[in-house]
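Below you'll find a set of structures to go through.
Two complexes follow with subunit A in common, the first pairing it with subunit B and the second with subunit C.
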Partner chain A sequence: MSGPARPGERRIAVEDVPALLAGAEFYSTSAAGEGIEFAGLWLEDLLAHTGPVRLVAAAELDPATPCAAVGAMGSTIAMAELPPSGEEAEVLARDLAGRVGGPLGAVMPLNAASVNALLPVAAAAVLGLPLIDCDGMGRVFPLIHQTTYELAGLPLCPLAVVSAGHDSVLLDTGSVRAERLARSMAQAAGGWLLCGLYPTRAGELGDAAIHGSMSRVLEVGRVLCGHAAEGARREPSAPTPGEGRGTAPHERLLRELVAATGASVLGGGRIVEIGPSVRQAGTVYPGNPLGLVVNDHDSGRLIRLEAHNELVLALADGALTAAVPDLLCLLDRGTMRMTGPERLSAGDQVDVLCVPAAPVWHGAAGLALGGPGAFGFPLRHPREGGR
Partner chain B sequence: MEGARIGVRLAAGQARAALVTGAEIRHAACPSHDDRALVRMLRGLARDVPVRSVTWDVSDELDPARAGAPVAAVRVMPRLPVRGLGSGHPSPLLRALLRRQAAVIGGHDVFGVELAALDVRRLLEHADAAHADGTTALAVTATGALGCPGHELAAAVLIRDAFPQLRVSLSHQVGGLGLLDREAATVINAALLGTAGRVVERCARVAARLGASAWFVAGDGGRISAERLRMLPVLGLSATGAAALTGAARLAGVADAVVGLAGADGIAVGHVRDGLPHVATDLPGPGGVRMAVPQASLTPISGAGQAAAAVFALLAEHDQHTAVVAVAVQGPEEPDRAAGRGAARELARAVAARLPSASVLVEPAAELAAIGAACTEPSAWLDTILYAETSEVLARAQAAVEQRALTLVAESGARLGSERVVASRAVPLSFLRSGSYRLLVRAGGRAEDVQPSGEPA
Partner chain C sequence: MKRARHLAEQLTVDELVRYGPLAHAEMLVGENLARPVSRVTLVSELDQVRRCGPGTAVVLAAGLAHGAWAVESALRLAWERSAACLVTPAVPGLTQATAQLGRRMRLPVFIVADDPAACALELAAAIASPDAARARLAARCAELFTERSGVRGIVGVINAEVPGVTVALLAPDGHVLAGHALTDRGAQQLVRVDVAGPDGRHWAELVASVAGRPSPTWAETVRLILRLARAPLAASVARERVDAVRDAERGRAALAAVLAAAGPCGQPGRVGEPGDPAASAAPGGAGQAGGVPESTLGWRLGGRHVAVFLRTDPALDGAAAAPGVVSAWQEVVPDLPLVPWEAGWASWWTGDDVEVGQVVPALRRALGRMRSPVPLSGGVGRAAPGPEGLRESLSQAVLAAGVTVREGHGAVRSFDELGYTVMLASLAEPRLVRSARVVLADLLSAPDGPVLVATLAALLDCANSTSQTALRLGVHRNTVLGRVERIRARGVDLDRPDQRLALHLACYALLPGLGLA
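This part shows the complex of A and B:
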């Protein structure tokens, strides 16, 4: 879209991309956000061609507006090596239009995190459509049907997929089977696919989506970018009497992130162990399990983090303290950036944050679809303690 | 004393040199444009000591904004962007270096499976157009080239056969994973081929006058051969910070350290592990361009005096290794640098006053980067993706990649038997089939001209 913004109109433009990227890294739960900087360069160039994208609440649209979720499945590293051409969304929109009785009127993110916070913006820009300020995960989940759209009963199919080589398929089947079939295709098609799924009407998104997701990503991203820009130029805060030390830059950033996201800090310190998990990989999930242990600097506790694509569990001295669907995020004290296992080595220093998932994920159905049990852990989520 | 090593930093029209012996550092400086003055200075530095090697930090000479020539770039992809969406690079540097940019069909996936056959006809059309408009170098970047470089190698053969005057840079030889970053590195590499050839030839000529071999500091803090820098000049960028980290740790007498390099207006913080600077591949390089090429990780802490000192002290407090703070501005012989050196020294001392007693303050008598260049050792870094169904297969594949890294170290002049794997990580790749790994290997060695004790001979 082009021309000046109308009063009250919200837009995502080229200058918003750095914040979008930083926020997308934060919500990627430490694994899937790694190496997505290429997508920022790519989106900036694309928005420079197309102009900004209008960001709207679902309630602002005519309830009959046809819309569909857009997001990628597969590997971000594979995508960094084989970037989209920018025109994949046109293939999805064409394929879905033939099945939903007309052209799409809006796009919503499958999940506003990692590279999938950026791709729906690109899709909306290329298609000239508004982007709905919501998503279906509020984080990264490994499977495309682990969504609040699914919890609300929206059908995932027809699922339109397209590869970087523009191989395209339209799948009509159940959610679980669609995920498995598309995953196989992603592996063969270069490591990733762009998906158009959950075709629906804007009026159906009321209880089915996590609203305001894109705004939250941008807000957190601005905190991170603001800190990076101001960052080390600031003086450490004044030491308290008798304390003899000020506040380190990472402590200031943690405070700002906690204020912006409602996160809690589980601890922070040196990584003393990182490597393949002793756990066997499940057959449902891509990727391999991985574990890392952080020696909490203040308490001396050992915080064990289990990852399977993204971080899924945190145990402090053996006791479960946080678990999926809540978000576990790592801040690298050295670089002051969000980070994850692919970037880390033993000896690096990190802080561990836990961000509460959207409330819908803490219900029985949400935990069944996205809780520890869904990842093969026979554990009750910490929030299930009273039930 | 036999077989001493000299380090030289060429920057801003000056050559600053250091000869490092076990306990003594000699230093000298002269204008860098005059070969005879350079030889005279290095001979004066050596005096009665035979010099085995001269290691040069030429990153300033290779600044692509000044030294780069316009090039053409060809990207090899399984599908061409119809409207050119997302194919541009926001960097003014890259836009200035790119005379023409094109894409042709071809490429592989990350595991090396061909996604599309290489469009040879279009490739040669683009090469012809580049040749016709007087472009002298071409950067070829194929998707998946790290998994299978076949299309890049085929492109190089075809282009060299048809246009022998065109020099070709291939992305799989230049950088790691990530097409856009690797393409940026390949373009910068191609742009520097001409300058690098001249710089390398000159440095080798000067070193030969001393009867010494010529080596070059790489951005990852290792040293590379003249032939490797001539072909891959991008590896020589950002070498000054890496050399300074090496020099600071060496002067402090530690192999592992958190190092603060004090300048006139702030501190840059880096880490040294096992004598080698900690590196990353996602750092901004020249002109802010990320290049998927390893370079020493340096975090700037701006601000003078107590503020910067307090921040470094807090960082050092959280680090298990020795804290080293070093004055990183040299050249008191030049009036315009004397003030900067004074400020840097003041800052370094303010930082040291806040550090524990086990910390080390380094106030070198010579240019820190030149000292580091003299102490630089051979190293290699590899980044690749592989598929392994079992842990045994993974271990075998990892050992093979480690062997490749050790071979590269040997080719950089390591003494036989001194090669070692410094770090080797197999990281499971997210959201790909189980058994997909990214392998990151770093290896190092001791230069042939160093005695087994590790001290310069």
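This part shows the complex of A and C:
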């Protein structure tokens, strides 16, 4: 996709990768963003060869354009150890082309968060296709069918998967079985799979996708990168010009993140407890359950966060205040970066943010697929009403 | 009104902890335990907590134990519903943060190791019938009473077993015989029960202070338990008294044997005095007395001794007071024996360097601290070695005590301090007293006769010095002068040397019977 950009055209180039990485970390709901830095370097290298990727809105494309979602499933740690070669997307495109009646005209992200915010960019770059500015989760969910595409009735299959060893499978079955089969294959094939799924036409994405996801990831990433750069430049004791006295840097960052994402700050303070949490339900999910408790500095409330890879619940003084599908994020006041339970220990100072999920997730079907009940919590989502 | 009575009959969380089904639960949060519990709800879904009424004991079913978050959610909902307490099965991860939240909410939280459903059933049974739970408590106390032998043990059972109750056994003068002294907090409810001694007469009072909101039924339960304690207390006191009398008689026999062995003329007992204590100690006591070696009584007979002798007012029944005097002595001076001897009680300090100068203040302090049922004063003999020395010293102490007994409670004098005047104290011989009453009849017939006799005795002691007499009697010299005028007016001539000795003896013979302090 080399060549000069046309006026109004949006592109993702090498220099956008740090912001993309930071935004991907933010939307990973704190836990799944662990150790994805390798993907940033990998993508920068790849984009340096292929040139920038064109980012288009679904409406800009011909409604008949064949397109498919791209994303990885499995373990990011396994992927860091056994990174993709870059050619996996070509295998997916070839396998799916035979089923959708022609070559793909565009690629869309399965979910614009964590490593899956970067892999579709790489796929589009390798295939020379535009990337549609949308996604199917707006965050990270543990299962590949927990998507708005699924809510809109798009069929997940045919599902094309390819492993680190370039084993490829084309699955034709229901969404739930596809998820299950692919997950067991991921374990056998090296820990991760790159998937091409929800093959459809650009015109079908109207209500099925969360639009503008990639732009939002980049915007949030730029906010975070800006602060990181500023924090590196500034002397710790020097007050920032133009800021009122007593405004801590993390408070300014929080304000900007709130403005960029529509998030609310549940509280912030010291972590008083962190440790494994045992739950009877939710055994179908990969990952390990964790609990941590933040003592809110201002109100003295105890905010308990339950994580299952991703942060799932927030209870303030025992009252449920936020839950999936809304995003829960932790900002480390010390490093001014998004953080997660794996990187934290008791005594650390964090802020807890809640970013509302896309409205489609708050419907009955959305909550059934991605609400607290789907994670084995017999709780009503705070937006479900009092009774 | 009916409603209020119903509320008062409810068990509190504290009661459920002390003797109810929560006794075996781990208390994670122990706040606000005085809440009454009106009912129990076993919840298997968090939403069910929303339907609980105030005062409910919320028990989480085992299936709800998904983790600390579920317990904390239930805690929050229970708090919103003003529940009395939360009972949860053991859940991994239920730690300090949950406890901290419970303390913030002031809601008691208990962790049960076994099936919470069984706990809920037991709670329901206890709550449905508070009387049954309280009857169990009373039965438990009664059982424990039988296992305790002492007064303190019996009172301790109540303090340990009955929740929120502090109990003390008070003597009629308010002295705490056993238990915790009651702090005077106005809001507390007091339950009082009279306790009769072994003789059936009022001996002491059990006073329980009941913490928390006044509840008539609970007060009745406490009263029942206090009444259950009465018979064991009386039995225990009787046993203590019998033991004291037995020990006293053994001591008396042993001391008599020791002194008889040491003494040149085989006394104790004054010559001609009927009822030698050794002989009268017990029928066939000679064999027993000889058979009680002093070492078994823990006595030290070697080394230097300073004997002391305690006496009470002859007008009082010293024998009846003996157990009380002995036990009071043992409270204050636990390492020295007190043996009934003649008309009082004998003891002795032993040690290689013991001196009269140490014993007198020590005895004075001991008498000051003793809670004796009768007034006591003491005489102290000289220091002397061995059993012979003890016999000597005791004889001196007896004489000295004859003087101090007139000086009232707490007086302590040594034989040396009193000098020859100790002999005068032995003058209460009936014939001498009768003669004295005849010769001093005029003086005694005065309206203030006894005072004049006492003043005359003091005046003679002080060689007719009115200022010294005033000092000794603690009155103004002019008062003494006035009395001397009245004494002279009654025909007593103080200036005849040949009459002085007889007059002095007559006064001393009369002094014990004058009833002056």
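By definition in this document, the second predicted complex is superposed on the first by the 370 of 387 C-alpha atoms of A that agree within 3 Å, B and C clash if a C-alpha of one lies under 4 Å from a C-alpha of the other, contacts with A are read in each partner's own complex, and residues count from 1 in each chain.
Going forward, a contact is a pair of C-beta atoms (placed from the backbone, for glycine too) under 8 Å apart; a residue touches a chain by one contact, two chains touch by 3 or more.
Since we're looking at a predicted model, the values are computed, not measured.
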Contacts of A:Val272 with subunit B and subunit C, given as first, second, both or neither: second
Touched partner set for A:Leu379, first subunit B, second subunit C, both or neither: second
Which superposed partner A:Leu302 touches (first subunit B, second subunit C, both, neither): second
Which superposed partner A:Val293 touches (first subunit B, second subunit C, both, neither): second
Contacts of A:Gly196 with subunit B and subunit C, given as first, second, both or neither: neither
Comparison of subunit B and subunit C by subunit A residues contacted: B
Partner chain in contact with A:Leu315 - subunit B first, subunit C second, else both or neither: second
Overlap of the subunit B and subunit C footprints on subunit A, listed as residue numbers: 276, 281, 289
Partner subunit A, residues of subunit C touching it in the complex: 45-46, 63, 65-69, 72-77, 79, 91-93, 95-97, 100-101, 104-105
List of subunit B residues in touch with subunit A within their complex: 77-90, 107, 109-110, 115-116, 143-144, 146, 177-181, 271, 273, 282, 290, 297, 299-303, 307, 310-311, 313-315, 317-320, 385, 391, 423, 425, 427-438
Subunit B-touching residues of subunit A, taken from the complex the two chains share: 31-32, 34-35, 37-38, 41-46, 48-50, 73-78, 80-87, 122, 126, 142, 164-166, 187, 190-192, 232-233, 235-236, 245-246, 248-249, 269-270, 276, 281, 285-290, 297, 309-310, 333-336, 341-342, 345, 347, 349
Residue ranges of subunit A in contact with subunit C within the complex: 272-273, 275-281, 289, 291, 293, 300, 302, 304, 306, 313, 315, 317-320, 376-379
